[in-house]
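The next block holds one structure in the form of C-alpha cells; read it before the comments.
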Amino acid sequence: MTVPESPIPTSRYERGLNRLREIDGDAGEAVIASLADIAPDFARYVIEFPFGDIYSRPGLDLKSREIAVVAALTALGNAAPQLKVHIGAALNVGCTREEIVEVIMQMAVYAGFPAALNGLFAARDVFASRDAEPRDTV
Amino acid sequence: MTVPESPIPTSRYERGLNRLREIDGDAGEAVIASLADIAPDFARYVIEFPFGDIYSRPGLDLKSREIAVVAALTALGNAAPQLKVHIGAALNVGCTREEIVEVIMQMAVYAGFPAALNGLFAARDVFASRDAEPRDTV
Amino acid sequence: MTVPESPIPTSRYERGLNRLREIDGDAGEAVIASLADIAPDFARYVIEFPFGDIYSRPGLDLKSREIAVVAALTALGNAAPQLKVHIGAALNVGCTREEIVEVIMQMAVYAGFPAALNGLFAARDVFASRDAEPRDTV
Amino acid sequence: MTVPESPIPTSRYERGLNRLREIDGDAGEAVIASLADIAPDFARYVIEFPFGDIYSRPGLDLKSREIAVVAALTALGNAAPQLKVHIGAALNVGCTREEIVEVIMQMAVYAGFPAALNGLFAARDVFASRDAEPRDTV
Amino acid sequence: MTVPESPIPTSRYERGLNRLREIDGDAGEAVIASLADIAPDFARYVIEFPFGDIYSRPGLDLKSREIAVVAALTALGNAAPQLKVHIGAALNVGCTREEIVEVIMQMAVYAGFPAALNGLFAARDVFASRDAEPRDTV
Amino acid sequence: MTVPESPIPTSRYERGLNRLREIDGDAGEAVIASLADIAPDFARYVIEFPFGDIYSRPGLDLKSREIAVVAALTALGNAAPQLKVHIGAALNVGCTREEIVEVIMQMAVYAGFPAALNGLFAARDVFASRDAEPRDTV
C-alpha cells in the first residue's frame, strides 16, 4: 500500500469542513460558496479558524458553543444573517426551540429589549423555514 | 401564630432575591447595595426582572444561562464589571474554568480578538481572586 | 352597578398595557401581537417591565422619555424597526417633527454621521406614513 | 480704539465657545485644553461643529438636548468620561438629579441592565463631586 | 471687473462640495439630495464638516482616509448603506478592489467574522454595480 | 552543519511570530506572554491567524493595515489596550504621528466625537511613552 491515507482528517481545513457541515449544514456551505467570487481565501479562513480550530476544541460541547453564539449575535444586533445561520446551527446540534427562545429572551437583560425582539423575530423566521421545508437536520 | 409565612417565595422580589444569591453570591448583593444611594428602585428592578422573571424561568438550565451571558458581555466589550460578576456566577452555577475560557475564546470569531483578549484577562482576574480568597461558592 | 370596575389599573400588566397604548398606539400592539407565536411570555414582559414599571414612573415626562429613546436607538444604530416605532411614539406624546429631527441630527456628534443619516431616513419614512395614513395621533 | 468689537458673537467659533461654557462649564474647557498638545485643530472642531452648529440651533431646548446625550452615551456604554461630562452638563442646563437618574434607568430597556448600571454609577460619581466641591454651575 | 472672484473655493461649503464630488461622486450627491425634504441643514453639515473640514485636511492622503472609513464601517457593522458608498469612494480615490477586500477581511480579526462577511458581501454588490454600469469613476 | 535551517519561515506559527515582532514589537510579545497562564492556546491562535495568515498576506501594505486597525478600534471604542498597541504598531510600520492623529480625528465623522476624543487621548499616551522611553522601533 503506497498512499498512507489518514483515516481521520488531519488538516485544519478538512477538520473544519467536516465541523462546518456538522454544525451549519447547508447554510454553512452556502456562506462558503457565496465567498467564491469575492474572497475565496476568506472562505478558507472561515473553515480553518472558526471551524478547524475553535469548534474542534474539546472542553465545551457544541450545544453550549451554539448557545454562546446565539447569545452574542443577538446582543450585538448587527449581524442578522449570521444570527439566523446560528439559530439553525443550534437546532442542528441539539438545542430545542424552547432553549433558543430562552437564550434570546435573556438578552433583553444584557443588551436591551430591541435586541431581544429582533432575535426572536429571527428565530421565528428560522423555525418557520424548518417547518416549511422539513430537513433531516431538524 | 397569625402571620402565614409562605414556605416558598411567592413574590417576584423574593424569588429574584433568592435567585440572585444563588447565582451571583456576594457580588450580586454588592451591586444591589451600591445602588442604594443613587437609584434604590433600580435595585428592586434588577432583582425583580432579570432574577425574579428571567433567571427563574424553566426551559434553560442556569449553566447555559451563564454561558450565554459571559458570551454576550464578552462580545459587547463595554461592561467589564458585569462581565466579571458573571464569570464568577458561571463558576457558581457549575461551569468549569475551562468551559468559561472556551466560551470567551470563541468570541474571537464573533466579536474579534480584542473582545476575546479583554474577556480572557477578566477571567484571569476572577480566577485569581477565587484562588486568593477561597469562598464557599467556588 | 354590579361590575366593580377599578377606576385605576392596579396590576403592572394593566398599567403597562394602558401605557403601551398611550405611547405606541397601534405600533406597540402590533409588536405584542407579533410575539404571540414565538414568545408570548416575552410579550407579557414587554408590557410589564418597560411600560408597567419604567414608563409609568413619575420623575420624567413622557416627551423627555421618548427623546431619550429616539436618541439611544439612533446612536446604537442596530434596531431600525424599534427606532421607527419610537419616532412614532415621540409624535404621539407631543414631540414635534422638528424636535425629533433635532434629536437625531445631534446624534451625528455622539455616534457619527452614518447613525444620524440612518435615523433621519427612518424619521422621513415615519413622517411619510403619517402623512399618507392620517391618524388622530398626528 | 478702532477695531469695532462685535457685541454679539458672529463666528461659529465664538458662538461655540460661549455655548460650550454655558453647557459644560469647566469640564468642557478642560477637554479643550487637554487636546492642545495632541490635536489642537480637533479642539477647534469640537467648539465649532457640536457647539457652534448643533447646540446653537433653535428647535430643541438645551435640557432636551442633554437628555438625548445622556441617553445615547449611557446606551453606547463606551465613552465613560464623556458621559460624566454630560451628566454634569445636564445639571448645568436645568435637569434635576431625579430626571437624569430616570433617563439612565430607562436605558436598561433599550441597551440592557449593565449599560444602565454603569450609567448610574457614573451619575453617582458626578453627584458626589458636586456635593464635595460646590460650584456656581450647579 | 470689480468683483474679485476667487479662483479657488474659499468657503467650507464650496470646498466640501468639491471634495464630496471628488470622493463620493454621484453616491454622495444622492445622499445630500435625499436629505432635502427631511433635514436640509444636515445636508449642509455633511458637506461642511466631514468634507469641508476633515477630508480637506493635509496630513493624510485620500486613499488612506477611505481605507480608514471602510475599516471602521465594516467593524461597526450597523451602517450598510454608508459602507457601500465608501467602498465606492475607496475605488474612486485609487484603492484597488484587492486592497478593499484585504481591509474588510482584516476586520475579521478586530470585529469578528460576521462583520467581515457582511462587509465582503457589501463589496461584492458594489463591484457588481460597477461592472454592470460602467462609470468614468471606476 | 547538518540541520538545514530554513531561510524563510515555513509554518503559520513561525511566520506569524516574525510578523508580530515586526509590527507590534515588545507590546505584542507582552500580550502573548500575558495569556500564558489563562489561555496559552489562544496565544498560539493570535500568532497564527491574525499574524501568520492575515498580516502576512500580500495585497495591502502594512502601513495601510495599521491605519485600518487604528480606525476600527477607535470607532468601536471598547478595546482601549488594543488601540494603544496598534497606535504603537502604526508607528513601527512607518505611519507618522500626524497621520495617526488624522485617522483618529476622522473617526469623529463615522463614530462620533467621544470615540475620536478617547482615541486621541490614547495616542497622546502612546506618543508620551515613546518620548519618555526611546526605543529603536520609533
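The chains carry the letters A, B, C, D, E and F, assigned in the order they are written, with residues numbered from 1 in each.
Just so it is clear, a contact is a pair of C-beta atoms (placed from the backbone, for glycine too) under 8 Å apart; a residue touches a chain by one contact, two chains touch by 3 or more.
Which chain is which protein? Per UniProt: A, B, C, D, E, F = 4-carboxymuconolactone decarboxylase.
Keep in mind the model is a prediction, meaning the values are calculated, not measured.
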Inset, instruction - Chains touching chain B and chain F alike, please list them. - result: A, C, D, E
Legend entry - Chain pair with more C-beta contacts, A-B versus D-E: A-B
Inset, instruction - Identify which chain pair among B-E, C-D or A-C reproduces the interface of B-F, meaning that over half of its contact pairs, matched by residue number, are the same. - result: A-C
Inset, instruction - Could you put a whole-Å number on the gap between the CA centroids of chain A and chain F? - result: 30
Legend entry - Whole-Å separation of chain centres (CA-atom averages), chain C against chain F: 43
Inset, instruction - Provide the C-alpha centroid distance between chain C and chain E, rounded to the nearest whole angstrom. - result: 33
Legend entry - Contacts with 2+ other chains: residues of chain B: 41, 45, 49-50, 54, 57, 73, 75-79, 82, 101, 105, 107-115
Inset, instruction - Work through the pairs of chains, note which ones touch, and then classify the graph as line, ring, star, complete or other. - result: complete
Legend entry - Interface residues, chain B side, partner chain A - complex: 49-50, 54, 57, 59-60, 64-65, 67-76, 79, 82, 98-99, 101-103, 105-111
Legend entry - Of chain E, residues touching chain D in the complex: 41, 45, 49, 53, 57
Legend entry - In the complex, chain D residues that touch chain A: 75, 107-115
Inset, instruction - Show which residues of chain C lie in contact with chain E when the two form their complex. - result: 76-78, 101, 104-105, 108, 112-118, 120-121, 123-124, 127
Legend entry - Interfacial residue positions of chain A with respect to chain E in the complex: 31, 34-35, 37-39, 41-42, 45-46, 50, 73, 76-79, 81-82
